[in-house]
Amino acid sequence: MTALRAWFRDPRPGWWLLLAGAAGAAMTLLCLLGRPPGTLLLPPPSRVLLAFSAPAVALMVWLAPRGDRLERLCAGLVGLGSQAVLASVPDLLAVAVLLVPVGFAVAARPGRRSLSARVRGPALAAALLGLGWALLRSPGPAWLGRLGALGVALGLVAVGGLVPYLQEVEDGEPAETSYLAWTGFLAPALALVLPFRLLQGHLLTPDEGMVVGAVLVGLGALNLAWGAVGAWRTASLAEAWRDSFLVDWGFALIGLGLFERDGLAAAYLAMLAVLGVRTPLALLARTAPAAGTSPRPLALVLVVLLAGAAPFSGFPVRLLVLRAATELAWPLAIPLLMAMALAAAHALRLARALGSPRGRDAIGLAVVLAVSLVLGLVPGILRGLGGI
Amino acid sequence: MEAAAAAGAVLAWLGVSLLSLADARRGLALGLVTTALGLALAAAASGRQPSAAAALAAGGAAGSLLRLRDGEPGWGLMRPGSTPRLVAALLVFLAAVLLVGAGLGVPTGVARLGAIAVALLALLRLLTVERRSPALGSGAALALGLGALGGGTGLMAAAVAAVALGTLSGAEAPGPGR
Amino acid sequence: MSLAAMLVPPALLAAAAILSWSLGHTGVGAGRVVCAPAAWLAAGVEAVAWWWGGRVPLELSLPFGLAGAPLGVKLDSSIFALQMITLLALALLFTFQPRDPGRAALASLVGGVALGTLAASSLSLTAFGLSVCSGLVWTALAWDERTEVGATWGALSLAWVLLLWAAVVLEVVGGTSVYSAVPVTALQAPVFLLLAAAALLCAGALPWRTWVSLVWRRARPASGSLAVAVLVPLGFSLLLRAYALGAGQWPGGWLHPLLAGLGAATALAAAGRAQAAGSVRAVRAEAVPLGAGLTLLGLALGTPLGVAAAVLSLGGLGLVAGLVPLLPEGGLVASLGDALAFGAPPALVFGGWLLCVQAALEAGPVTGLMGLVGVFAWSVGLAAVARATWLPAPAARSGSPVGLAVGAGLLLAAGVGLGGLASLVAAPVASDLAPPGSHGAAVSYLGGGAVGVTVPSGSWPAGALGGAVAIVGVVLLAIVGLLRRPGREPIRPLSGVEGEPARARRSVSALEVKPLIEPPWRDLRDRLATRLRGLRVPSQYRSLVRPNAVAAAATRGRPWFWALVTLALALVVTR
């Protein structure tokens, strides 16, 4: 008890953050249990995603400086609760509404940029999602339905902070207020649940489905290209890390937009990889010392992981999304292949940024590698757990 | 009912316009409560659950009361540089009319007009504002507007969101940690 | 027994890897002690189990998948041959190349994965295995030193990506990528070209300088030799699989002369680089590409003789991959080793290359010309070896005399016993993959029994002739060794930077060792690259479009940009 207390020594976070953390934990539990019945419905893929989010939160707390751990834990629990709620609420309009306070809660944390700058992305996402959903369900001419479909698709892209709704990246910004909060933690929950909500009850007409698919595939390809090139060429390392997320997201968006079983599976695995692998690596990179010594094998293996090669988490995603794209139209596979080949270039750079982790960082890295191996070697088991 | 819905829509639009033109706490609070009341009236008149509509109104009112706690004192209405916002208020209303289109003939369509206008104008304000308190007010209005587009769940969620946003402090933090 | 041949060797190497790593962590530096016997034992188990099992092909499918691909392994004559080639090369390297426990563990793991990849029963699983292998090889390369890792990484990444796509297309078109279940009609020319591109990138069998040449020019050869020993057979295995997928032929008759021509061009280009190289190491770096070119020439002919010759040539390449890193940098022994690697009789390399050329000559007039190009390249390669005796050594590396003796002994023994190898190993592969019924013209097999080699154009007694040459060579070497006294061996001067004009070891004045043939396009790539880098937009140019501004707006989170994009998309969608 003394050791535990010492671990959470002063300064204590505000009572409101403690309360919020407790509320977050309670909401997570309620969502997992499905209480109240009919109000909160967590689909199986989201359950698995939540299970992958918990280690990411744990790592964030683990890597925090000693005095900040309780605060980080509370913030992480709020994040987990938000993720659970966003995935559990069946009504997409209600999800859009709840995105607003979640966006403000994230933006209200101390950070370099102003609250208003940080909340713009989530607010736009909420508006696009909500307005799009409303237009989809309201009677009117065909173009209105297509506009609604566009809104829903763009809402997903905006909530992830993806191209063309990229947020500004500032060096030194705390993780919980940076792009990581959305691109790497909250948005994957929405990405997995959106197809279920859209396809429930055959809401979309063929026209609207085509709009959603085309927008997701088109923007997915754009994000893929932007991420692959940006992560390689951009001057800022923080932006390079953010761009590396765009590659995973690109695969996920294309997989979602193809409306094929393999594509959905690819998106599911990609989001798990974002939460379980890339976000923890990005967190580790923030605390890693500057690389100067000769690379150790563990750091070299990271290059293979970041390039999406086997036996790590990137390989099944690539296999599945290639299969889905080739089934639909083989030319779709060409930008995918180019991005896969280009991913090798930025992997070297990002792995160097991670340096040669030692001590607890090395333990964290080993855990991430293990998670990535599980995702890469036995995706079938995870697909079975997620029902995809 | 259609008249009530129209009155509610117009009231909501006036409220959000006031909110977008205000920079200080009183103007924001009044704008927010007007928006909430207008949306609740329109929602009730268009056949939504009265309890949910009442919850929306209550949530908006609570949020606006909480907005009075902090932020710049006074009304802050129509300050220099607010002309584009005034123009935007009119344009957004027209855009909302365009989106609703033929649906204007029924109370549901009129209520939707108000909600879309509120959501769009609040979003525009949120995308352009720099200060914390107006941003929080606009966020609450956005949540109310989006919630008013949905059913009971949306209305309840909007009420909760408005209250939650009201609890966040609108005082500007010093230095980089804003 | 076939099951044992299939499962035991990769398991042995994997277990050796774990043991070596564990011992290294406890401070016991016994990596080589563990991994070398494991490799030899694996080779022995594989050979014995395969022969004792009656050389019966076996396929094992598991009900669950691996990384999204169906999990299954198979063993047949071609896989056996390739695995033996890989194992022998690895055994030589593990035994005679110094490695610390960590590196030994990684090398053993690479070997285990390579064996598993060779035995994969589906193309998607092969792609998975190639990706793992590439990653591990890259890790080994980068762990040693940073030079030439980028180019290697790029080539190998592209290889597995292309192979993955080929597997996916097969699954979409044919319903499966399992080799034994893919319909013959599913292997169309586009899929084959993807597969071939992956194979050639992996094997480094391309006319320009590939990763195979680059990794052998590094200062520390251990990981480079591992990469060559593992990945070159893996690359060629894909082309062999293509025969199986196409029931004995590649889709489209034009693909055979295309790849055969590419093989000839590869051999010629490698020979050209070898004869213009500035150091011994650079010459040796072209031995495998030259052999890969001739192997490709034979393999691409589409005849049973061509396939058999390619397998024998590949065997020679494998042993060369194990032998060359053990050669010293200078001296008579080094020159002899280089000569064996570049096809001097009576080694296996010589026999394999000769058969490839013969097969090309017999396959038709066009391929016959390609065969003559191959002969020319071979001759130039040997001339490069002769020229290399005048070249300086970049570093005083003594090599491994025992390893050299073992490696050279294996090469010579295989060359002398070429007939036996042809009958027992190469011919079964050819009969499995390219049966005579699958070809228009009846081209008879390679035959000859244990002491000779018989091909339609004639026979030559490999055993008698090769044996005699080998005996004479050994006797001569012994005489030279007895007569040679310490200090008489001319010491090769060390050169500085790679790329400087090679200075002859006996030079008094500034005498350059010029290339035998100076091709005008020698520095073309570097000149082009320099010119491209120097391209600039004229300063007077002004553009309406400012991509930097757009990119800045996109990445700075500007609301006006978001609104503009949304509006544009809305207009497009509502039309």
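Here the chain labels run A, B and C in written order, and each chain numbers its own residues starting at 1.
Following the convention adopted for this analysis, contacts are C-beta pairs under 8 Å (C-beta built on N, C-alpha and C of every residue); 3 or more make two chains touch, one makes a residue touch a chain.
Keep in mind the model is a prediction, meaning the values are calculated, not measured.
Visitor: Of the chains shown, whose Cα mean is nearest the mean of all protein Cα atoms?
Guide: Centroid comparison flags A as closest.
Visitor: Please state whether A-B or B-C has more C-beta contact pairs across its interface.
Guide: A-B
Visitor: Approximately how many whole Å separate the CA-defined centres of chain A and chain C?
Guide: Once rounded, the distance between the two centres reads 41 Å.
Visitor: If you average the Cα atoms of chain A and of chain B to get two centres, how far apart are those centres in Å?
Guide: Taking the average C-alpha coordinate of chain A and of chain B, the gap between them is 30 Å.
Visitor: Quick one: report the Å distance separating chain B from chain C, using the average Cα coordinate of each chain.
Guide: A distance of 69 Å separates the two centres.
Visitor: Residues of chain B touching 2+ other chains?
Guide: 127 - these are the residues of chain B that touch more than one other chain.
Visitor: Counting only residues that touch at least 2 other chains, which ones in chain A make the list?
Guide: Correct list: 117, 120, 124, 147.
Visitor: So which stretches of chain C touch two or more other chains?
Guide: 559, 562
Visitor: Quick one: which bits of chain B touch chain C in the complex? Just the residue numbers, please.
Guide: Checking each residue of chain B against chain C gives 127-128.
Visitor: Looking at the complex, which residues from chain A come into contact with chain C?
Guide: Within the complex, chain A contacts chain C at residues 117, 120-121, 124, 128, 143, 146-147, 149-150, 154, 158, 163-169, 211, 215, 239, 295, 297, 300-301, 303-304, 307, 309-311, 315-316, 318-320, 322-323, 326-327, 330, 333, 337, 340-341, 344-345, 348, 376-380.
Visitor: What part of chain A is in contact with chain B in the complex they form?
Guide: Interface residues on chain A, with respect to chain B: 16, 39, 89, 91, 93-94, 96-98, 100-101, 103-105, 108, 110-117, 119-120, 123-124, 126-127, 130-131, 133-135, 138-141, 144, 147.
Visitor: Given the complex with chain A, which residues does chain C contribute to the contact?
Guide: My answer: residues 64-69, 102, 106, 124, 127-129, 131-132, 134-136, 138-139, 142-143, 150, 153-154, 157-158, 160-162, 164-165, 168-169, 171-172, 554-557, 559, 561-562, 565-566, 569-570, 573-574.
Visitor: For the complex, give me every residue of chain B touching chain A.
Guide: Interface residues on the chain B side: 99-103, 112, 115-116, 119-120, 123, 126-127, 129-132, 135-136, 139-140, 142-143, 146-147, 149-151, 153-154, 156-158, 160-161, 164-165, 167-169, 173, 176-178.
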